[in-house]
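A, B, C, D, E and F label the chains in the order they appear, each numbered from 1.
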Amino acid sequence: MVYLTRRERFNSAHRLFKASLTDEENYKIYGKCANPNWHGHNYELFVTVKGEIDVETGVVINLKDLSRIIKDLIIEKVDHKNLNIEVDFLKDKIVSTEIIIIEFWKVLAAEIAKYNAKLHKLKLVETENNYAEYYGEE
Amino acid sequence: MVYLTRRERFNSAHRLFKASLTDEENYKIYGKCANPNWHGHNYELFVTVKGEIDVETGVVINLKDLSRIIKDLIIEKVDHKNLNIEVDFLKDKIVSTEIIIIEFWKVLAAEIAKYNAKLHKLKLVETENNYAEYYGEE
Amino acid sequence: MVYLTRRERFNSAHRLFKASLTDEENYKIYGKCANPNWHGHNYELFVTVKGEIDVETGVVINLKDLSRIIKDLIIEKVDHKNLNIEVDFLKDKIVSTEIIIIEFWKVLAAEIAKYNAKLHKLKLVETENNYAEYYGEE
Amino acid sequence: MVYLTRRERFNSAHRLFKASLTDEENYKIYGKCANPNWHGHNYELFVTVKGEIDVETGVVINLKDLSRIIKDLIIEKVDHKNLNIEVDFLKDKIVSTEIIIIEFWKVLAAEIAKYNAKLHKLKLVETENNYAEYYGEE
Amino acid sequence: MVYLTRRERFNSAHRLFKASLTDEENYKIYGKCANPNWHGHNYELFVTVKGEIDVETGVVINLKDLSRIIKDLIIEKVDHKNLNIEVDFLKDKIVSTEIIIIEFWKVLAAEIAKYNAKLHKLKLVETENNYAEYYGEE
Amino acid sequence: MVYLTRRERFNSAHRLFKASLTDEENYKIYGKCANPNWHGHNYELFVTVKGEIDVETGVVINLKDLSRIIKDLIIEKVDHKNLNIEVDFLKDKIVSTEIIIIEFWKVLAAEIAKYNAKLHKLKLVETENNYAEYYGEE
């Protein structure tokens, strides 16, 4: 049982806010992250899969396959996009790092399961000081 | 003559576009960076000053002063902001890394000159793969 | 159940030694880390909390709160300090990375529990080649 | 129970291929990694041990001992070497990151067990985008 | 006059040696880097161009163009290759970082000059501890 | 004419202060860096030499020689030491990054000149946010 991780990156705009609150209330909760004119980040996504080594190929999953899955299902949809208004699976959600990562999991887990591997962990780095991790735990 | 560098960071939204062009024309020039819904970055700004060591204090410039200058004149105005529409000195400009850095220079140079130092170089890192540098050369 | 991590940094002096041993004996065990004139490090502390996402705010814990807790309870007490002689909760201890991290845990765990989160892991990076991690396991 | 990690680095040549396949078949599976003329990497190996703090010394394991074990048993054998043809414990194996890490585990686990610690995890970073982890799980 | 830098990466095998010397003599000069079975690196290439900002586009050079030039002329030829035996412009040379970078310069300078920019500097990082820089100076 | 850089690291204790001032006065100038009980850093020293490539060996300077020079003349004297009281060439000086780097230059320049190279630049990184550079300019 080995764990294999692939990093992919994307650059997006977003803001933290609840549509049901006033700007002032949003600022109170989220501080400058609530700015209605948006701000943005260079996000780093680390996708860790877990599996046994395929005796034929000597790898758990072909890293090219893993990279392509992440790019097709995630990066294409979020890179150089506005996370709040352009990403179908984030629509009407609060796009905190925590919530983004759970939505990414829903998108990736089934596809990765088609290969010789299981999605084990997602890590989403928002800044050099902040990141979230998710293991599919409810 | 020693060179001293201070790094400060900011997270902003922006897009590359010319107001005089159609969306289609902007996409042709700037690719996905032209997205009208914005994208964003974790920017790193490295400010390098040059000066002689003050015999009284043993430093070129007090790093706390340098940090405060950068924060007051730059970071306060660009952090968690939309570079295209919320920053006075970038208004109506194409906010490429190259142009941002030249406008930062105009803001910083005079203030730093009030201390025992001269602004020598600005380096603005947009992603781990791209950065711009400016030495005040015309 | 999501994991959220905040990094904070501090710069301190310390040495590894036991008061009951001679300098020579300390050098034998700890090598150059036993230097009675001290040495120091740029420490990086990664604090990982675990919790469910608050349906009202969309976050596990407000990162500003988490940052403030770490700064108030840890960074204020250790930054630009001598870990062996100026930090109340490290007094008379061997200030190895392992022991520092356990003492940090004792300080942080109760405070974080007051929020919608549980302290899950501490990681203390001493150099680019060495770090310790603690999960509160006895 | 604390976890302590030591990083060591090595630079090696390798290729991904199965001796039983033709070059064309190997290219189909492994892409450019199958190049018969080799390619190479700056590998980073993170060795995490787990143990209780020795009340006499205040550390889980002396980092100098841990570093020496890794250097003697691993780095000496793989650094500036061809992983496919010069490393006894990798001979006739597919030298994917996953397989290398399992073979490293077999070499390291028994030696570390002689000290006040247990090998907990190996992490082998091949590029800034790819790494494998192993916990000794079958 | 602004400086713009693009980073591209490649993973290659190489060895340091002179064909006119014996293995023993090569080991004496180049140490373990002379290993006849090769070793390898994750190289990082930083290409810095210098130019004036195009008033029409607001950039010195389109980063997509710069990236494509580097990939077409350099990365395609060296990535996952053996630098000593598979790269036409390095053939029969000692492939030290210094010599590689000068040969890269010869390949890149003329192509970049066709755009609104001039090649200013190449930086080639071989390991986290070693790198070479070249400004086209004879 | 190529530039070659070698990085070496050291971990030291220091404080910023002038012996002729009171503690209170020193705090006023240097802030928490004046703490009489010391603090410390993981310093990174980048030594850049400049020279022509030796046609016999294909390198400007053997990196093993460069590394040995830096270790013998600098690292041995400052690593795991107190910069204020244990380093002969820093004695009675204000050990700011700027002054340290100038003193390092005096120690290194003559020795490097004995080889096929000239000391071109020193860069001393004190934290991820601060560094000094020196080119031997008066």
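One rule holds for everything that comes next: a residue touches a chain if its C-beta (ideal position, glycine included) is under 8 Å from a C-beta of that chain, and two chains touch if they have at least 3 such contacts.
Quantities reported herein were computed from a predicted structural model and do not represent experimental measurements.
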Next on the checklist: If I list every residue number at the interface of chain B and chain E, are over half of them used by both copies, so same, or under half, so different?
Outcome noted: different
Next on the checklist: Pick the pair from D-E, B-E or E-F whose contact list overlaps the A-B contact list by over half.
Outcome noted: D-E
Item to check | Where chain C and chain F are represented by their mean Cα positions, the distance between them in whole Å | outcome: 28
Item to check | Centre-of-Cα separation between chain E and chain C, whole angstrom | outcome: 42
Next on the checklist: Measuring centre to centre with CA averages, how many angstrom lie between chain A and chain E?
Outcome noted: 34
Checklist entry - So which bits of chain B are touching at least two other chains? => result 128
Checklist entry - Which pairs of chains touch one another in this structure? => result A-B, A-C, A-D, B-E, B-F, C-D, C-F, D-E, E-F
Checklist entry - Can you list the chain C residues touching chain D in their complex? => result 16, 18, 29, 31, 93-99, 101-102, 128-135, 137-138
Checklist entry - For chain C, which residues are in contact with chain A within the complex? => result 1-8, 48, 53, 57-60, 62-64, 67
Checklist outcome for this item: chain F residues touching chain C in their complex are 9, 11-14, 32-33, 35, 37-42, 79-82, 85-86, 127-128
